[in-house]
Amino acid sequence: MTKGRLEAFSDGVIAILITIMVLELKVPHGDNVAALRPLVPVFLAYALSFVYLGIYWNNHHHMLHAAGRINGKVLWANLHLLFWLSLVPITTGWLGDHPRAPLPAAVYGGVMLLAGFAYHILEQTLIAAQGAESKLAAAVGRDLKGLLSRVSYAIAIPLAWVHPWISIAVYALVAAAWFVPDRRIERTV
Amino acid sequence: MTKGRLEAFSDGVIAILITIMVLELKVPHGDNVAALRPLVPVFLAYALSFVYLGIYWNNHHHMLHAAGRINGKVLWANLHLLFWLSLVPITTGWLGDHPRAPLPAAVYGGVMLLAGFAYHILEQTLIAAQGAESKLAAAVGRDLKGLLSRVSYAIAIPLAWVHPWISIAVYALVAAAWFVPDRRIERTV
Amino acid sequence: MTKGRLEAFSDGVIAILITIMVLELKVPHGDNVAALRPLVPVFLAYALSFVYLGIYWNNHHHMLHAAGRINGKVLWANLHLLFWLSLVPITTGWLGDHPRAPLPAAVYGGVMLLAGFAYHILEQTLIAAQGAESKLAAAVGRDLKGLLSRVSYAIAIPLAWVHPWISIAVYALVAAAWFVPDRRIERTV
Amino acid sequence: MTKGRLEAFSDGVIAILITIMVLELKVPHGDNVAALRPLVPVFLAYALSFVYLGIYWNNHHHMLHAAGRINGKVLWANLHLLFWLSLVPITTGWLGDHPRAPLPAAVYGGVMLLAGFAYHILEQTLIAAQGAESKLAAAVGRDLKGLLSRVSYAIAIPLAWVHPWISIAVYALVAAAWFVPDRRIERTV
């Protein structure tokens, strides 16, 4: 089974998600500055999600580069990750439409949390396919950064009912922490 | 003629289908739980179709991996399969909008049945291109699982007029039976 | 300059066009047979255009397979072809919405005619890049079939004002004639 | 880290952008010439943006062909470019809907200016990854053409308040100047 086709398919899905997300930015109805104003929160939500999908693409790229062998379980773990990522455009659009409401901010974080779990499962499935002594297992280590991200999402979700912008700030901070590609893998490999 | 470009094109179409299907999940109009409620059946229909397209991608991947040679007939048999799969997003959206009506459930099954036939035709066309003594012919064998799936769809379609959820349950069971990638091919190859 | 990236980009654009075209098939508003009826002409127009884009993908595949060298002019001739093909979804949607009006049928044929010219220009640009003694030049020959198709479109367009279904019948006949991949190239190569 | 996956991902995103842009061309509501008339400016804006995205794809292709090594910074510089390019469909749709208003023409130029800067940053990041003595550094030279384009956009933006068509004319002229692929790189490599 070729790793190349899995990478190409994942790249395809992520490229399409990152691009159809922009369809949530509707063409403004007027031709003046007032017509642009409602787009501002949608634009900011779009930029945040663009960075998130970029991070996933980047880290997916590094992780599969370090992996040698894949099997049927990896294919499904990968589709499971793509499933949660496929919900990012709709949660982004909802967050952008209602930037002051708690539920959209919480649901956005919920999808991020589930995507984080799915990435973790994919990582473990890939390591299991390589053997515990593999380069990938050494590179990933205990994956503290992934764990902390998932904990951050879990804390940020209920905080949306205190103020949604607290949650959004947490999501932005987690994105900033992941902005750098996974140096552990780059170093080890 | 290169097999690679056929695989890349099919991956592209399936990746796009799996992703535009999410566009049927419209951004909710309100910002509360009540606004999310009408999305529940659409979300469940989306998840079922996501699994179906994942199964097709997986099995397509395995089948072409086992095939060596392709010809002009294979290209068209492949496009024929992609044609029926391209109707999955619309039948999914319709099923999600009307989860209690018989016709959308029946049409969903009808498209699944036609995609199942198209997959079978592609399989036979590929085998014909390899020769009857090929690895692929041995791997596919009598394809009892494919036949049983098509029979299940054919039975489930009229049952939609008894209750649409019976049909949907059959579709979900068939998906569950295919969840595992086609072990016969993996074993033989 | 690598031929592979040109093929991958063209495959990507054609795969996306073939797939977003299905978005013109809107999810029906009701849950009964009456709700499906207005979809019938849109579905037929979709099927015709699906076959057309499949033919273009197929022949593009064969032509580039036979070509060895590409240059900057080929890149732009290829983008020019993709430009006219990118209008197929909208002309298909318009034809499907108004199957009895002359103008949509004529505009559909106009885009087909321009795409046909663009394909011819791409063919000539590729031959010029290979040299007149190339396999591709021998394979394409005088391209009588391409010429006859363009003449058929040019005749079918004004006939839309006699009856749009005459034009549509001509388009369907031309598609049928191209259904078989370009045997000349397959034979020669 | 493989350059191939970066190219494939960028090709995917640009192919999707070029194709979803056509979704701004809505299917006309009537079946006569009057129904087509409002599409004319949208069509012209679409054609201009199609050429722009074609130019970016072409030059991106050449630049990465001349580059040997990439790193994590290049991945993000590339995503940054794709981010601004992803806004082209919406600014194109807005410009097409309001061809006589200054703001849409200015915003269109603003996105072009930011995409131009992002391309310049990607170029410098790639050169830094190769070393100052690289083929790419020699090929790009002082990049006067890129600088002049960015200056032209910066001048054209305020001119939209004199008349939006002046700005649009400048954008079209810059596109015409870039139409030819970057000969410097082709020559040197």
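Think of it as A, B, C and D in the order they're written, each chain with its own count starting at 1.
We take it that a contact is a pair of C-beta atoms (placed from the backbone, for glycine too) under 8 Å apart; a residue touches a chain by one contact, two chains touch by 3 or more.
Since the model is a prediction, treat every value here as computed from it, not as a measurement.
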When subunit A meets its copy subunit D, do both sides use mostly the same residue numbers (more than half shared) or mostly different ones?
different
If you fit subunit C onto subunit D using the CA atoms, what's the rotation angle, as a multiple of 5 degrees?
90
CA centre of subunit B versus CA centre of subunit C: separation in Å?
26
Length of the line joining the C-alpha centres of subunit B and subunit D, rounded to whole Å
37
Among the residues of subunit A, pick out those that touch two or more other chains and give their numbers.
8, 12, 16, 20, 23
Enumerate the contact residues on subunit D facing subunit A in the complex.
1-2, 5, 8-9, 12-13, 16-17, 20, 23-24, 72, 75-76, 79, 82-83, 86-87, 89-90, 93-94, 97-98, 101, 103-104, 107
Which bits of subunit D are touching subunit C when the two form their complex?
7-8, 11-12, 14-16, 18-20, 22-23, 25-28, 31-33, 36, 47, 50, 54, 57-58, 61-62, 65, 179-181, 186
